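Notes to accompany the following structure.
Going in written order, the chains are labelled A, B and C, and every chain counts its residues from 1.
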Amino acid sequence: MISYIIRRCLLIIPMLIGISLITLIMMHFSPADPASIRYGLNPEISGSARAQFRELYNLDKPVLIQFALWLKRVVSFDFGNSFIDDEPVIKKIGARLPATLLLGILSILVIYLISIPIGVTSAIHANSRYDKITTVLVFIGYAMPGFLFALLLIKIFAFDLGWFPISGMRPWYVEYYSFFDALKDLAWRLVLPVASTSLVSLAGLSRYMRSSMLEVLRQDYIRTARAKGLKESRVVYKHALGNALLPIVTIASMILPSLIGGSFIIETIFAWPGMGRLGYEAIMNYDYPVVMGVGVIATFLTLLGLVLADIMYALVDPRIKYE
Amino acid sequence: MSKEIFKNKQILFGLAVIILMYAVAILAPFIATHDPNTLNLDPKERLLPPSKAHWLGTDDLGRDLYSRMVYGGRISLSVGFIAVLILFLIGLVLGVAAGYYGGWVDTVIMRLIEVMLCFPSFYFILMILAFLGPSIFYIMLVIGVTSWMGLARFVRAEFLSLRERDFTTAARALGASDARIAFRHILPNALAPVFVSATLALGDAILIESGLSFLGLGVQIPTPSWGNIISTGRFYIDSAWWLTIFPGFAIVITVLSIYLVGEGLRTILDPRLKRL
Amino acid sequence: MKMVLLEVKNLNTYFFTQTGIREAVKDVSFSVKMGETFGLVGESGSGKSVTALSILRLIYEPGRIVSGSILFDGRSVLALSREEMRGVRGKDIAMVFQEPLAALNPVMTIGEQITEQILAHKKVSKKEAKARAIELMDEVRLSRPGDIFHEYPHRLSGGMRQRAMIAMALSLRPKLLIADEPTTALDVTIQAEILDLFREIKEKHNMSILFITHDFGIVAQLADRVGVMKKGTIVEEGSVDDIFYSPKDPYTKELLEAVPKIPKELRA
């Protein structure tokens, strides 16, 4: 088991190489010069200052050397400083990551709370009117881009009904709130972003739950359970669901990274101070250190998610034994 | 089996919509009412709701929404289509190689797939497009290059199972070469479910393109794309709802139809779900 | 004259599929007396399993019991309510299936699967149920029942799994035990052991057994009476001796002929 985890973790090496390579190549092909970004076209910054800047970031060295130096620093999570405001990248990411994680974790909870019952009931009443209607609704959810749903939610619930705020996570006045009031304010602000993030995965997961359940219900051991005279509820909820949930539970840790990866659209729309938006803005501003930093962290989280998923699967299914 | 396909209402509906959409896109120059790029900064002509003159209203620069949407459809649909072509080719070749040859070829390709699946692909697409410049060609290429993994895995799985079947052994016994066996014998059998996978990928590609255009890293204004129309319309969402609703509806119904067709085909083709 | 325990009369079970109606069981009638072992023989696809499942009303869409009557212990099975039927399954009529690995829930322990059946029908404590389960596992010759109680099905051998299924079936002392090809999926030597087990059960509990198989050899060893099925109907029925020594139907004769026989010269 341990050796399996180690093998999985080894994947991080090609990944780091991959991300760094891609970003560095981009940097070189891109029309924007990092030094210009940092200092703008400010004529007062002398040529020597720029030269110093270049030296600091090894921009004058050949690509391969830059690459190796970069790798060395990445291993200690040192991504350097942002080109825009010279803040350490790690610090910037650290400040924003919790907001993204908050959104992501809550979304997963919501997704599971809704998808599982929908999937299970659709499977039990397969091909009924209920099933057909939920299938259509689920498909529409699949087909709707996240940003569109977010905009619709904002239009209906924020503009027209005024129930929820349009954007922002922490208004300036929150400092004056008591702890509980601040919490309530946060919860209120979370509703629309979480709903938007959940929508897409909701559709997929409930579908998956449904097909997993259908698959299990066809198995021989379900027939045996009925032949033993067990109550139908026990057959469905203990025997069938117990087996059908296995793959569903394990992909939870894989959904989280994908939510993080796709979060920047939602974060941009809702002005949510998360890592995704940080990355997006960094890309738009050619702030390479931040871009790389966010990319590495996001990839790392994905890998973590995959490993967690495998571990969970091994824990949950008695048949799996990783030698 | 084709009988079943054509009797399935879900598939027929989906196909109908898709064909309609592509027809509109292809016939765009003939069915647009205005030139999609003509600005009309006269305040009386801007942000007009749907009317007889402008079927779907006008946008913030006085352009006719209907015409922009029709041309936008062209872009969105063709980007999706080419992207899928690219990912289909990559995925097919790699999947076949992995499934058919096995051994170290398989291992290398599988590792590559795993690594690529770990990347937050949307983020990477954004990055690459921002740094290289968001031309339509790059968009298609990048979407294709980051989405082939699912198809490849699927192809490989099909190959692995079909490789051991009797007809393969028979062909080999008759002296057929590797490539011939792979392409003439195995592939046709694996093709149907793989085609389903590609169909679903088309839906995803269109969604990705609309997301990119929305963020400003996809199709660039003034060239219309359903995604970027929504992005400009975003700021008028309370006053000019049509700028969001109509392109949004177009995206949803197109992708929905694609999924309906794909899912419908999958249900028919899946032998395990065979109704007795 | 022994009493009739199970009487099946003109049973019709059809499957209504997209490609047509499959008449799996057509006008089937037979009876099983108390303490008797009835062998239902036939090739695969002849409708034997569907008959057995019909008796327990375990036929689901797109299949349906279309007509006929099934009388168990004097009561009509088809007229029972769902709840009453549930009470019969596992308690008065129990069933053992063909492939034990597929028929046992892979994520529940053996012990749990045995005790849950007991607990479903009898108001006893979990401890009592566990004790009874261990007793049963002993009875079916499962060595180290205490350990096996906590094991998962995939960790046992095929023979052990089948014994576990038989233990489950016997747990509430059913009047009728239906065994659907219980040895087909097992190795030949294990088959012999399981058949011995069935013989023991038969003698010890005087239980009625409906034994389904395609193997005439097994029928010869275990059955008192035999029914031969072909394409959904019973073509011949009679005592074991009658069927073996004076088969009347040509199909029966064909089946008997197909059993490989060791030539006289080679027999020990």
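Here is the rule we use: a residue touches a chain if its C-beta (ideal position, glycine included) is under 8 Å from a C-beta of that chain, and two chains touch if they have at least 3 such contacts.
Everything numeric in this text was worked out from a predicted model, so none of it was measured.
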item: Mutual neighbours - chains that touch chain B and chain C alike; value: A
item: Chain of greatest Cα-centre distance to chain A; value: C
item: Distance between chain centroids, defined by C-alpha means - chain A, chain C (Å); value: 52
item: Mean-CA-position distance for chain B and chain A (Å); value: 22
item: Multi-chain contact residues (two or more partners), chain B; value: none
item: Complex interface listing, chain A residues touching chain B; value: 11, 14-15, 18-19, 22-23, 26-27, 29-31, 139-140, 142-148, 151-152, 154-155, 159-160, 215, 257-258, 260-262, 264-265, 268-269, 276, 279-280, 283-284, 286, 291, 294-295, 298-299, 302-303, 306
item: Chain C-facing residues of chain A, complex; value: 219-221, 223-232, 234, 238-239, 242-243, 246, 317-319
item: Chain A-facing residues of chain C, complex; value: 56, 58, 86-91, 94-95, 97, 99, 102-108, 116-117, 120-121, 152, 154, 165, 168
item: Of chain B, residues touching chain A in the complex; value: 111, 114-115, 118-124, 126-128, 130-133, 203, 207, 210-211, 214-215, 227, 230, 234, 237-238, 241, 244, 248, 251-256, 258-260, 263, 272
